[in-house]
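Just dropping this structure here.
A, B, C and D are the chain letters, set down in written order, and residue numbers restart from 1 in every chain.
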Amino acid sequence: MLGLGKKDLTFLLIVLLLTLAAPILLNPFAEGSAMAQFNAGYPDLMQRIAIFAIFAVGFNILFGLTGYLSFGHAAFIGIGSYAMVWMLKLLTMNILPGLILATLMGGAFALLIGFVSLRRSGIYFSILTLAFAQMSFNMAYSVLTPITGGENGLGPALGDPRVLDAAAANGTIPEVNLFGLSMRATYELDLAGRVFQFNAGYYVCGLLSVFMFYLALRLFRSPFGMMLRAIKCNQHRLNYTGLHSRPYMLSAFVISGMYAGLAGGLMAAMDPLAGADRMQWQASGEVVLMVILGGVGTMLGPVLGAGFIKYCENIFSKINDHVLHEWFSIFPKWLENLLVTIVHPFVGQGWHLTLGVLFMLVVIFLPGGLIEGGQRIGRLIRRKPDAKGKAAATTPAE
Amino acid sequence: MGILEVKGVNKRFGGLRALSDVNLSVQQNTCHAIIGPNGAGKSTLLNCLVGKLIPDTGSVLFDGQSVLGRKPHEINQMGISRVFQTPEIFAELTVLENVLIPCFAKRDGAYRLHAFETVAAERDINAQAEQMLRDVKMWEKRDMHAGSLSRGDKRRLEMAMCLSQRPKLLLLDEPTAGMARADTNNTIDLLKEIKGRGDITMVIIEHDMHVVFSLADRITVLAQGTPLVEDTPDNIKGHPKVKEAYLGEAAH
Amino acid sequence: MSKLELTRRGLLRTGAVAGAGLAMPTVFASRASAFTNEPKGGVVTLGFTIPLTGPYADEGNDELKAFQLAVKHLNGEGDGGMLSTFSSKTLTGAGILGKKVAFVSGDTQTKPDTARATAKSMIEKDGAVMISGCSSSAEAVALQSLCQEAGLIYMVGLSHSNDTTGKDKKRNGFRHFFNAYMSAAALAPVLKDMYGADRAAYHLTADYTWGWTQQASMQAATEAIGWKTVANVLTPLASTDFSSYIAPVLNSGADVLILNHYGANMVNSLTQAVQFGLKDKMVNGKQFQIVVPLISELMAKGAGPNIRDIPGSSNWNWKLQDAGTKAFVQSYGKEYGAPPSQAAQTCYAQVLLYADAVARAKSFNPCAVVEALEGYKFDGLGNGPTEYRAADHQCFKDCLVVKGKDKPDNEFDTLEIVQVTPTAQVTYAPDNKMFAGGDLGQCNPGA
Amino acid sequence: MDALILQTLNGLDKGSAYALIALGLTLIFGTLGVVNFAHGTLFMIGAFCAVTLQRLLSLSQVTIDPTKKDFLGNALKVKTPYIEAWFGKDAGAAIVNWSVPLSILLAIPVMLVVGFVMERGLIKHFYKRPHADQILVTFGLAIVLQEVIKYYFGANPIPTAAPTDFAGSIDFGVWMGFPPNDIIYPYWRMVYFLFSVVVIGAVFAFLQFTTFGMVVRAGMADRETVGLLGINIDRRFTIMFGIAAVVAGTAGAMYTPINSPAFTMGMNFLVLSFVVVVVGGMGSLPGAVLSGFLLGILESYASMNWIKDVIPGIDQIIIYVIAIIVLLTRPRGLMGRKGVMED
């Protein structure tokens, strides 16, 4: 069904279920309890995780399959966002035209940048993409301010034409919506001390990300995906097998650019203010972190990585000394203080340090990322004699 | 008129004259071996045939069309497949995938955005690949990573990849180099079988005279970038010029 | 912070449901609120978005300190600060409307993008009922529109752009800090006295809403006193090396450099301008001068001796002698060992003003708060008599012209007050063309 | 014309910083074959050596002066730097004043240690891994180092002044017959440029005229052959890594008066310095220096007002535009060697 094998179909269904149930699953702790700050089931964070999952899955199509490391993919995020906001300004507050344009613009810019950058490989390719992205960022940030809003950011304003919408009443900007369903609409459910927020915007992001995940799954299982993996292995042989690697690379680049464009569009749809910062090279670096951390070249890895980083960014960063003291208050005072001193640099404002250390550990010891870590642990637990033989035979694209 | 016509090819690297005035005509559905001492220009000649090098002068015609200046994938699409001196395979892919790729290339051409088809659903191609792997007796190893194969198996796999495209011309660059005797014999048998089907032309570069004499219909001896003699194996065996050319080389 | 009360509420509800036995699908009761994040327990949570990294991080750190102090005072801890000098007496140190005040804070990185993300998580996860803080106008405008959409009150922190209460004004947003127009109006006469009417100015301007409106205001005001404008060069907010912008200033014919920069940006550009020797040069037969229209104590500290004798304007300074200022400086100084900056003062005042408005309105409902604040007149928060103008939610009050002190007595003695410009001189009509194009719209209570 | 000279001068010191960082990057790449994304961070650590020294020197003894009042009305606490107490007021103040140039003395040992530890502890294990892995692990290291600095020194830039003797600027224009104030150039930037020339000269001389340098150059050209001669190339390469770290670190320390050090400065320079290296040609030391200065100067030219009027925004993107053009037309960069980083 859906062009997937049985295993993949089950896999996809599980992902779909997890996505649908995320508002519940991510809010396991009762409100007001000490653990409540680890709850992640609020719309903004869930939207972000879904959006970055799209971005990372798309990036993985390029980096994971072909091994070409682009350091400039954030540019497409920015382009997607600007496209989205312009649609919101000019056409309608309905996000659909914006999402379509964002995807197309992402693809179009990727075609342009990819066409030039793919003339080179290895680190030269990385530097070229980096140069293009920094160039886009610097232009969006300075000379293109009339189009991008520069440092101010670009958002819908009262005076915008919005030709498809009815004139706004009472001097407020209409809400961002999908055929009338406001992206802010949230149904709150109070259950056993837990407040679950079912947010329309999240479900738009979540379902779209499952759909994009499905497309990526198809792509991984397709002849095209196989060719891309072949490029990573041995481009030389591929050429002598009668295949022209450049259009394959370019297609992969454009597809991942479209994923990024869509992610950027969604970002602007969930919060209609697009800042140039999301194009900066550090943002490109972030998606690299996500993909590597999760497990490069795997299906679920980038999603895990995106979730992990966004979770840390939003939840980990809120743990301050006060909270730490509360945690360690069961210990004697001196031990409590010592523990707080040790942990302090790694949480709150210092969560980047944790991320950096973790990232290094993954690159050094776990090149397969968290997914590989999980598999290793799973293997340790099972320890069946036949596990070894099977492990060698599984395809890497699980 | 042969299927492959090399006319007046010259190639210089700086001061070194790698090929001088090479003429070669390979007849359809024959096996043509090129032998010669080290540095005779065999590899240079092969690289000229597949577009990796462009000769300074001269022409290379395949099936009446020039191959000069074409990219490797275009040359392959014309019907020329190449086996390398050290096996070039997709090490991180499975054996089956290694054979599927050339099958796709043969059917779909140099590029096709078949991103939403499923490999498993392509019955014809899978059947083709299966047949090929059975032919080379590697079907049992279809799920192994190609990189974990033995050297002999890698060579066989590469051969299978080339043959699965049913090329008009197969270029073999020392196909048995570094192989154990048993493997060499297997390879010879395989090549003989392929040759026996009578629908393929082979050009083979080889040091191992055993291989050459078991397979070749005609042999060209290359020395210092020029063809010395071209004849049938029987005639080559006792040819004085050949002996002279090889005299410097103790190994042969 | 503690959310104990919320737990109890949760428990009660669960208990009630369990009591009803296997009763009903009413278990799935949706939550009903009159407005966004209506505080239902004994705690009210405020959200403070401050830049702790980026070019304006210094200000952000000071803002956070002021916010923490204000929350303490609202909850009756500490010495009460300006609570006692504030003209309104509704705040008694018993929280807001009897609810204990808790807060969440988050880093905005001086980026509007991040600021909104931070604020969104405060609204959705932490249940903040009001957002305050920022130190760039880009952040202020971004946060103001977010709060308008989400149905929260936004009490602007340090934002000096005309647009914040001009073309980007919103019904749910209020600004205590003064603005670029006021700076220019206060500064221009002083500049004329100091440097004469025959001057040619070269502007370096931070490339975003604040820089633009500040430059436009300064240009208009200085041209009104007879100065010429030679050039205006926009510099990206993220830049740190201004040498290529500064190098051509001297031979451009200008004899005044106006740095429309703030924070670390200004510290860098001023330091580099001084390195280039601009302060010691003679141009057009006159001593070359540098003007920094918006100066803060923190920037003065960062710029060190380079700031000496450089004029600018401030919203407030700790050396003022009114009772409110004295109480605040004492309270803040004891807590943190340094006098507060103008960023700290405006943020502290904003929290008090919000709390007071809630108390007077007897409701956290944003629309009630808006009503309570519009046209509200108050005193005792350090700036003298002040009014929140209803037409644009801008505070009107005296503002200060300051200059870098020549021979500081101690490390905090960086600025001296040249003049206190009376409110009348800096007041403008709501339809002034520098503020045109906006609409407050309707108040939005969310939910 | 005068504007052109002015911007050339201006570009020289930007170029100096680019060239110094690119030189170190190239040394590491050329000798060890490692793409070091943490190199900008080394520059940043150097800058913080200057901050540290300044802080150390101004460690003060606190005494209470009851005659004066502080802002709260309490008795004033007076701080006297220990160094003034030890060396006398004038000598002490002079030492504090000269803390930036003096910090080189601190930066050299610190950077050597940092370099050795980095190479022996981490980078060594990545010689045989693909370049992408090297980029990733050093990128991770850069994040970690940057966060550690942020933890100890805070997120805000820390103004660090040059000695007051170097305050003000030279009027070059007058020497060349232009009217006064046409071409001015701050003394410290002049010092920085001269410093970079000396460092670059020293590195080249070291490679050119010492046996050690000869071996290293030979190793850069053909590692295996030199290894076969029984020379311990690895140890020499470790030392080269230390030297590259010192070059970056001292460049950072001396740069502090030009730009207040902040934890982000390493990452800010990193992208640019990679572009510089690629434009110069991977593995070519003269290329790195040449392209560093070239890009610095071109960047300055592009920021001239009349050029910006013709092509708006060119100053923001010129470096990247040049990088893209160079990479597409001269794939090996301006002076790159064949076969470096080519698959």
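The rule is short, and it goes like this: a contact is a pair of C-beta atoms (placed from the backbone, for glycine too) under 8 Å apart; a residue touches a chain by one contact, two chains touch by 3 or more.
In this text the structure is predicted, and so the values were computed from the model without any measurement.
**Student:** Touching both subunit B and subunit C, which chains are there?
**Tutor:** Common neighbours, subunit B/subunit C: A.
**Student:** Taking each chain's centre as the mean of its CA atoms, which one is farthest from the centre of subunit D?
**Tutor:** B
**Student:** Counting only Cα atoms for the centres, state how far subunit B is from subunit D in Å.
**Tutor:** 54
**Student:** Which whole number of Å gives the spacing of the CA centres of subunit A and subunit B?
**Tutor:** 46
**Student:** Just give me the whole-number Å value for how far the CA centre of subunit C lies from that of subunit D.
**Tutor:** Centre-to-centre distance between subunit C and subunit D: 37 Å.
**Student:** Can you pull out the residues of subunit B that are in contact with at least two other chains?
**Tutor:** none
**Student:** At which residue positions does subunit C touch at least two other chains?
**Tutor:** 52, 236 - these are the residues of subunit C that touch more than one other chain.
**Student:** If you look at subunit A, which of its residues touch at least two other chains?
**Tutor:** Those would be 138, 141-142, 349.
**Student:** Once the touch criterion is applied, which pairs of chains come out as touching?
**Tutor:** A-B, A-C, A-D, C-D
**Student:** Which part of subunit D faces subunit A closely enough to touch in the complex?
**Tutor:** 35, 122, 125, 131-133, 135-137, 139-144, 146-148, 150-151, 155, 267, 271, 274-275, 278, 282, 312-313, 316-317, 320-321, 323-324, 327-328, 331, 341-343
**Student:** Mind listing the subunit D positions that touch subunit C in their complex?
**Tutor:** 2-3, 6-7, 9-11, 13-14, 70-72, 76, 155-157, 159, 161-162, 167-169, 181-186, 188-189, 257-260, 262, 265, 268, 299-300, 303-305, 315-316
**Student:** Which residues, counting only subunit C, touch subunit D once they are in their complex?
**Tutor:** Checking each residue of subunit C against subunit D gives 52-54, 57-58, 61, 231, 233, 236, 240-241, 243-245, 247-248, 250-251, 264, 267-268, 271-272, 274-277, 280-283, 302-304, 318, 329-330, 333-334, 339, 410, 412.
**Student:** Can you tell me which positions in subunit C touch subunit A when the two form their complex?
**Tutor:** Contacts found on subunit C: 3-8, 10-11, 13-14, 27-31, 52, 104, 106-107, 109, 111-114, 116-117, 120-121, 124-125, 136, 138, 141-142, 145-146, 148-150, 206-209, 234, 236-238, 437-442, 444.
**Student:** For a test of understanding, state which residues of subunit A touch subunit D in their complex under the given definition.
**Tutor:** 67, 69, 116, 119-124, 126-128, 130-132, 134-135, 138-139, 141-144, 235, 281-282, 285, 288, 292, 345, 349-350, 352-353, 355-357, 359-360, 363-364, 367
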